[in-house]
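See the structures that follow.
Both of the next two complexes hold subunit A, though its partner changes from subunit B to subunit C.
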Partner chain A sequence: MRKIALVAAIAMLAAMLVPAMAWAGPKEIKIGVIYPLTGPAAAAGRELRAGAELAADIANQVMPGINMDMAKNGGVKSLGGAKLTLIFKDHQGNPQLGADLAKKLILDDKVVGILGCYYSSVTKTVSAVCERYGVPMINGSSTSPTLTKRGFKWFWRTTPHDKWFTKDLFEFLVGLTKGKAKGVKAVPREEINTLAAACEKTEWGSNVAIEIKNFAKEYGFNLAANILYAAKSPDLSSEVQSLIAAKPGAMLFASYTSDALLMIKTLKSMKAKPKILWGQDAGFDKPEFVSLGDDIVGVLTRSVFLPSVVKMKPLSGQVNDLYVKKMGHDLDGASARAFTGLQTWVYVLEKAGSTEPKAIQAACNTISIPGNQLVVPWVGIKFSTKGDEIGQNVLGGGLIGQYQKQKDGKIGLEVVYPFDIATAPLVYPFQGY
Partner chain B sequence: MEAVKNAFDFGDMPRNELGLAAVVLAFLLSFPLMPHSSFGMATMIQFLMFSLYGMGWNLIGGYGGQVDLGKAQYVGIGAYTTAVMMIRWDVPFWFSMPVGMALAVGWSFIIGYPLFRLKGHYFAIATIATSLVLKDLFEVWNFVGGARGLEIPLKGDFPNWLYLQFREDYYYYYVILGMFLIGFIYMNGFRHSRLGYQLRAIKDNEHVARSLGIDVHWSKIKAYAVATAYVAMVGSFHACYNFNIEPEDTMSLDLSVLIAMMAMLGGAGSMWGPIIGAAILVPMKNYLGSWLGGQAGFAGIDLALYGMIIMFIAAAQPRGVYGIVEAMRARRR
Partner chain C sequence: MEELGIQILKSLVSGLLMGLVFALVALGLTVIFGVMDIVNFAHGEFLMVGMYTTLLISPLLGVDPVLTLPLAGLVGAVLGVLCYFGLIRFLLRGPMIAQLFGTFGLMIFLRNLALLFMGSEPRIVHQGWLVGKSIVIGPGVVLESTKLAVAVLSLLSFAVVWWLINRTKVGKALTATSLDAEGARYMGISTELMNALAWAVGGASVGVAGGLLVNFWPVDPGVGLLFTMIAFATVALGGFGSVRGALVAGILIGLIVNLPPVWDAILRSIDAVGLRGLDIHSFKYTMVYAIYFLIMVLRPQGLFGWKQ
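For the complex of A and B:
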């Protein structure tokens, strides 16, 4: 028996001692990708992973059908056609695990840089690790405003953040009262003047709550309830009760996937009747959310990518076709931004012509990617290098979409804001439950 | 003096256990010198942290027989004290850590006094409740950053011993190893102390203990305070090691349960139990999670495996892995 114990002990020690097979071939560029592949945001993780993988596939091959620079090179041209290899890690929504995985990627796998992490809370710890080791990190989909306010030298974010998105929402509400929305007459202000918000309570949601509070004050709305809740919570009935008790014209949410589903089900069971129901992307923009069927017709969500963008941008349509072939459904806000994040990595490496951190840092700080290269409807990608925000893309933009029943009977998102690019008339008021 | 002598008195341990301890100690001391992966290093640091958490839990849960599922609240108090003092008043780690321990011990008296009037499951539930209430309070308390938590700013000049900021993990490793050794030796002294014997008497039969003149309530409170000090100390370390703390990762029920589970898996009420438990669960959690989590289609299987192993041990030997060792030893005699 003692022998067995000894063998087991030695095996365990050996497992810990074996250095990871870190060997960078000349034709390979390793990027570490950290996403929530299990846990409450596993559904988002699947989309994020597929988005990043698709971008790497396009960059590594020559694809004549895609009207994008990186689809023509078959690898990173300035690095001798080196191919990208993605190493995926699962942070499970846990900031500490994320930091450990980042160290593993940097020290053991010797990655050139990091892409991730979706959860703002994890992006915070992972970017701190990257900062300590001087390794570049590009973030495609974490929207907590504070992330780019820390003066980090090794962190760049392509997505616009919640301050912009929340401002969009209030501009939308004000526009609604002025009759700017397509197909809707001016709505009396008092109908939507009272707001109630419920946000999940980690880094991301609690910052959204703060932005909502600030903008409500600035735009003169009455925020009657502003609740924080746990995304893992198995029951949201008391939260929904407080929302309904506030008698709001508009209900606002920042929810991840499973809690967004639970929220809608609970709202339905308690017969909530807001005039507007808005979600801050994330859970409100997932294939699972669409499975709620007729219950979500009229629900609004902010996004950076809606399938109807395809009508405006042919390039988005080309990439979306490939994505549909891979996953069976359209790109969404998560996958489109993961795609864009990795795409940015490719352009940065192309510009740097080197995998040295310093060269990449210089490339990030001076890069300018025009909007016609992107699947997302942005002016482009250019990172700020001064002011109180360092590393933030200043050329991004957001959309507000609405779930509507389409001609084929399926439920899909139509762009309703910015008003001038709306793809369908707004459905107002929300049907209620 | 007697206490110090007790702490270094390992005479009652079986000889082969002492031999094994010497080998483990030599391994722990030399680990950073051996070739290792950084993930291996992070895993070892977590192993030492969870061993200490487990030792703290074991004091009251193992020796005292009071199942505590609220240890995370003390991790939080330790971590937040250090982080707040460092961020707001620039206080070095070595000063804020004892303050954190003192605050945690103070809090343990406040909740220990009423809680130890409860027994068994009621006590366990009450510890969960106090821990969750504290977590909820921290989530809305802006002074400590609310639900977003606190981020400790980098000082820049590594290594910084005063503020415990290092670039390389082996510095952290030796700091936590030092705490581990002190904790282990103190634990050995505690076993032989008056309070240690009193606790074991209480665990065996509370009424008999009382009839022998032991103040049961007060003994439990004192042991709980010592247990708390262990956990808060590691909590302070956690804040510096991670540079970032949130109520969710320092005070969650998950953490409390994990701490209790490690000690129980290893063997509650023995010196080695928490260490064995952490040595099994921490690498499993980290390696299985990172290995399977990264493969499409396998994500989540590690969690299922993890649960199965715990169920198997619980069914086969409720006294944990150390219980299995003891049972084998008894059979051989």
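For the complex of A and C:
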């Protein structure tokens, strides 16, 4: 009898404990974050890492000063306040290494999902690993259009991609000829009708080159030179010679950091005089690039986030203040998008209420994050689930910024496109070298 | 046609300058190989150290980057001698493979040391006599002052090394050491000293090269590889151990990588619409290595090689 009573007591205790344990859910949610923390893009890697860390910090604590849902919960509410733990890995810009790291994160660290990888080439291999293992991957900052054209079921991208950004450029050029740019009279079309482009030749740059070619044709511009070059090259003078010889009104670039610096130095030494000099973010939007000083006044770069966005969006200002405290400088395109990438993970987990891959997949496919939750100036985040692009955020948008000398003498980026939200008059033409 | 003529002139000038830059970087490599039969994989890292030396010392002393060149050379020479006495001397006792991996390890060590102390971001020199300057010598023909300075230094260095090896007693001792170290020792030549001297000369030349290059090129811990890949091709093309070969091969490579603009000008002058999309810029280093491959097949000792 006593035995039966004991068994019954244990059974009752167990019955009470089991739902309690199930209700408690996981204490931590591990997200694998793969970025280039060393190697040629380490500078970008540092910003990306800081952006993701800041988003995790805000999600894990209650921060009354931040007008964002995830700042009010102190963890993922639907998972019992579970905290996010980020496991960082360094892919060094190497696609193969990236794939190996993804496998390790999935099999050894048992991560719930993956964020990364900045380099489109690495994102390509890492997402293939995630697809094979059925582990969700959210990508915040790789912009090669092909990534969301593979019909993957476990890959979602928050950032707009290069097709959109390149279209923005051509809309900007056309707008310029129609007098839409702030502070500039209509520019005669023939002044900027000839274009010359030089893009680095990995996955990202070569796809930008294709987009430039396609849009030049669509918008009726003459693309007189479209060069691919090795980003790890000791010399760019032959490329610059060909660019100058094409006598373009606008020079267009897709460069990483070191090659962007070398490109500007070579353009200067060869006395290039385009009317417009535009870079596709990346190397053109880095602190090292700004250190070129007066040489970049008037240079345009596409971006998804410029410090002057804080003038338009108070929430961006709040997060930017925290970022400045952490890093000593403003958010940039890389850090703002890494922040948004991890933020998306938090909202997805909140919606899924589970760390099961299937539940996360369903949450990703149905989530809708309004623009007022984001630091980036987008309408929101909503992933496409049909058509020729699967997993692409359809509510994103790009900006074009121009380096201008500000009142304090420092060089900073001002928004010049979209024209209706320009924060400063456009400096046109580019000063030339 | 006139445009084509000007472009050929531009490419010649640009190719010559860049070729002399490649040759200067390759000089130290070929000297060390010539004397000791050792391929120094860490050569590019010596260049990187030279670049950082100028980058850091110039603002510290408040002088122009160009004036810090002797110091960059000295740092390169000291580093060379240290590497010789600290590592290479021991490697020489081992098989060839140990020497290869030894200098490869040295490369990784120096690069990571730089990563630790300097961080990974590319850095540039902002001000100086050479920074951002160039001389226009004709319609569109531009001499970039940094490259011009490196080219002049390159020619000078080659002249000095040639003179040192061919016209001095020390040079004879160096040559003797490289031909037959044991025989040289019997003749009373301190081969140890000769080896150390080769490393000092190699380190100094590439250190000075680095000090000049940083006026134009951004420096980061990985910058060495950009130049050493070409330097290896230069040395192999010119013939391992041949000083004259390094000069000629360097210029040859400089000219090859400046061919694409000429090709573009040809397309424009004949208005070949069908060939418009054919961009050969992305193949410029492929051309270099294709020629390298050809010469290796036809003449394995290189253009001016004398060591088998």
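Methods note: the second predicted complex is superposed on the first by the 408 of 433 C-alpha atoms of A that agree within 3 Å, B and C clash if a C-alpha of one lies under 4 Å from a C-alpha of the other, contacts with A are read in each partner's own complex, and residues count from 1 in each chain.
Assume contacts are C-beta pairs under 8 Å (C-beta built on N, C-alpha and C of every residue); 3 or more make two chains touch, one makes a residue touch a chain.
Fair warning: this is a prediction, and the values are worked out from it, not measured in the lab.
S.K.: So if we stack both complexes on subunit A, do subunit B and subunit C clash, or do they fit?
M.R.: Overlaying the two complexes on subunit A (C-alpha atoms) leaves subunit C and subunit B clashing.
S.K.: Touching A:149, do we find subunit B (first), subunit C (second), both, or neither?
M.R.: Neither partner.
S.K.: Does the superposition put A:228 against subunit B (first), subunit C (second), both, or neither?
M.R.: A:228 sits against subunit B and subunit C alike.
S.K.: Taking the superposition as given, does A:38 touch the first partner, subunit B, the second, subunit C, both, or neither?
M.R.: Both partners, subunit B and subunit C.
S.K.: Using the touch definition from the top, say if A:201 reaches subunit B (first), subunit C (second), both or neither.
M.R.: It touches subunit B and subunit C both.
S.K.: Output check: A:106 vs subunit B and subunit C. Expected answer is one of first, second, both, neither. What do you get?
M.R.: A:106: touches subunit B, not subunit C.
S.K.: Once the shared chain is lined up, is A:273 touching subunit B (first), subunit C (second), both, or neither of them?
M.R.: Neither: A:273 stays clear of subunit B and subunit C.
S.K.: Would you sort A:245 into first (subunit B), second (subunit C), both or neither based on which partner it touches?
M.R.: It touches subunit C, and subunit B stays clear.
S.K.: Check the residue A:265 against both partner chains and state whether it touches subunit B (first), subunit C (second), both, or neither.
M.R.: In the superposed model, A:265 contacts subunit C only, not subunit B.
S.K.: Would you check which partner chain A:292 touches, where first means subunit B only, second means subunit C only, and both and neither mean what they say?
M.R.: second
S.K.: If both complexes are laid over each other on chain A, which piece of subunit C (60-68, 168-176, 204-212 or 294-302) hits subunit B?
M.R.: Looking at 60-68, 168-176, 204-212 or 294-302, the stretch of subunit C that collides with subunit B is 294-302.
S.K.: Enumerate the residues of subunit A that count as touching subunit B in its complex and touching subunit C in the other.
M.R.: 38, 42, 201, 228
S.K.: Would you mind writing out the residues of subunit A in touch with subunit C in their complex?
M.R.: It is residues 38-40, 42-43, 198, 201, 225-230, 232-235, 237-239, 241-242, 244-246, 257-258, 261-262, 265-266, 268-271, 287-288, 291-293, 295 of subunit A that touch subunit C.
S.K.: What residues of subunit C sit close enough to touch subunit A in their complex?
M.R.: Residue list for subunit C touching subunit A: 3, 7, 10-11, 14, 18, 21-22, 115, 119-124, 126, 132-134, 136, 140, 142, 144-146, 216-218, 220, 222-223, 225-227, 230, 257-261, 264-265, 268, 277, 279, 281-282, 284-285.
S.K.: If you look only at subunit B, which of its residues touch subunit A in the complex?
M.R.: 27, 34-40, 42-44, 46, 139-140, 146-149, 151, 154, 158, 167, 169, 242-244, 246, 248-249, 279, 283, 286-287, 289-290, 293-294, 296, 299-300, 303, 328
S.K.: Going by the contact rule at the top, pick out the subunit A residues touching subunit B in the complex.
M.R.: Result: residues 1, 12-13, 15-20, 37-38, 42, 45, 49, 87-90, 92, 94-97, 99-101, 103-104, 106-108, 121, 124-125, 128, 131-133, 144, 146, 150, 201-203, 205-207, 228 of subunit A touch subunit B.
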